[in-house]
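Here chain A shows up in two complexes: once beside chain B, once beside chain C.
Presenting the complex of A and B:
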């Protein structure tokens, strides 16, 4: 068993743990934004670690793996941002609605007033 | 005059199609065990294609694929016909709110890579899973992303029609070349090359490129028409 195989296996295990935690977070979190946080952040790291582990186990695929990781690294945050922003614009269900914490709309108001 | 040309070309087409249909010989059992063994051995030995599904869909059953492409063409034409009245006020689409700056710059980066992936899928249709329909759909999703992100992004309808017609003409003319030189519609006329090479499988690669362009143009047209509908 070479050192690459050990590192690759470890990466796959770490990635699987993060993917599991992401799934648990989607099930367990109270509102849309918390679920998005669990479902996108954890699964981004989990998917990247798992795929990198596969690349280390099969070194012939390493360039494909790097391209896939690059693709995940820039498509996943953008899509989760779009989802969260759409939910914010629709004034969706928020768990902490009573506490009046809404930093994004403050920033947006500032942006609009500067224009 | 136009109608006469159309009728004459339809008549010629119909004559040759009748010829093909009467040559099939319905009710005659050609193979004792069905055609599956023939397909498997022919796509490996004669066509040298590693993706057997592709060799069946495009070569052995290429006429069916032509029918499927025609169905898609008819669907997009019918949709255009239904929504044509409402397409007069073309301008900004009715979106609830514009996309944010992050999505805009991200879509600009993502669009070329989506188109590249679609082109890869339909060019490598005879080597790996996928093919013309899948690749064309991936390209259309790229256009969908751009249309959803930018409110004034527009696709030239004339250019779409041009690509679509050119791809259809390419498909049918390859079939006719096969008919006139080898005796059956969509018969392979090009050298087959070696198995697992990019240039293998004869006409399959070219037909899948044509199908990919056609499907991409049709689906993009459908998406564009639907997004421009206003109530």
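Presenting the complex of A and C:
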């Protein structure tokens, strides 16, 4: 076993555990914003680590693997951001109802008053 | 090295089951869309692992196209929920 295979196997195991923790956060968290927070970041890191591990195990595949990693790195935050904004505009259920931490509603009111 | 792939695929299957439970239970449409997004991400990782396990280079293209389609689907559903489509 070369050093590249050891690092690749370690990255695959770490990435799959991160994917599991992200799915556990989606299952356990109380409302949709917490689920977005817990699920998307952990699953992005897990997918990137797993795919990079495969790229280290098979060094001939590294270019296409890097393309997939780049695509995941920009597509996952965009989709979670769009989903969070949509659920906020639909007045989705919030577990923490403190008005002080809901900064986006003030920006939304300012945008609506400017129109 | 194959046992590491088997272990990772088992852990990913458990994660897929948890996301599928949230997809079934989820009280709002956003929860279901989020669970679908996570299932797509886990599926892309599983397909890349299967490409290494079966030694098929062409499966990486399948993973890339699956990721693109899942991304576009989530964006379209989010814009629809925003009443902006």
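Methods note: the second predicted complex is superposed on the first by the 103 of 115 C-alpha atoms of A that agree within 3 Å, B and C clash if a C-alpha of one lies under 4 Å from a C-alpha of the other, contacts with A are read in each partner's own complex, and residues count from 1 in each chain.
Note that in this section a residue touches a chain if its C-beta (ideal position, glycine included) is under 8 Å from a C-beta of that chain, and two chains touch if they have at least 3 such contacts.
These numbers were taken from a predicted model, which means no experiment stands behind them.
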Contacts of A:71 with chain B and chain C, given as first, second, both or neither: both
Touched partner set for A:37, first chain B, second chain C, both or neither: neither
First, second, both or neither for A:12, with chain B first and chain C second: second
Greater chain A contact set [chain C / chain B]: C
Intersection of the chain A residues that touch chain B with those that touch chain C: 71, 75, 78, 82, 85, 89
Of all residues in chain A, those that touch chain B in their complex: 71, 74-75, 78, 81-82, 85, 89
Complex contact set, residues of chain A against chain C: 1, 5, 9, 12-13, 15-17, 19-20, 22-24, 26-27, 32, 35-36, 39-40, 43-44, 46-47, 50-51, 54, 57-58, 61, 64-65, 67-68, 71-72, 75-76, 78-80, 82-83, 85-87, 89-90, 92-93
Footprint of chain A on chain B - complex, ascending: 96-97, 99-100, 102-103, 106-107, 109-110, 113
Footprint of chain A on chain C - complex, ascending: 1, 4-5, 7-9, 11-12, 14-16, 18-19, 21-22, 27-28, 30-31, 33-35, 37-38, 41-42, 44-45, 48-49, 51-52, 57, 60-61, 63-64, 67-68, 71, 74-75, 78-79, 81-83
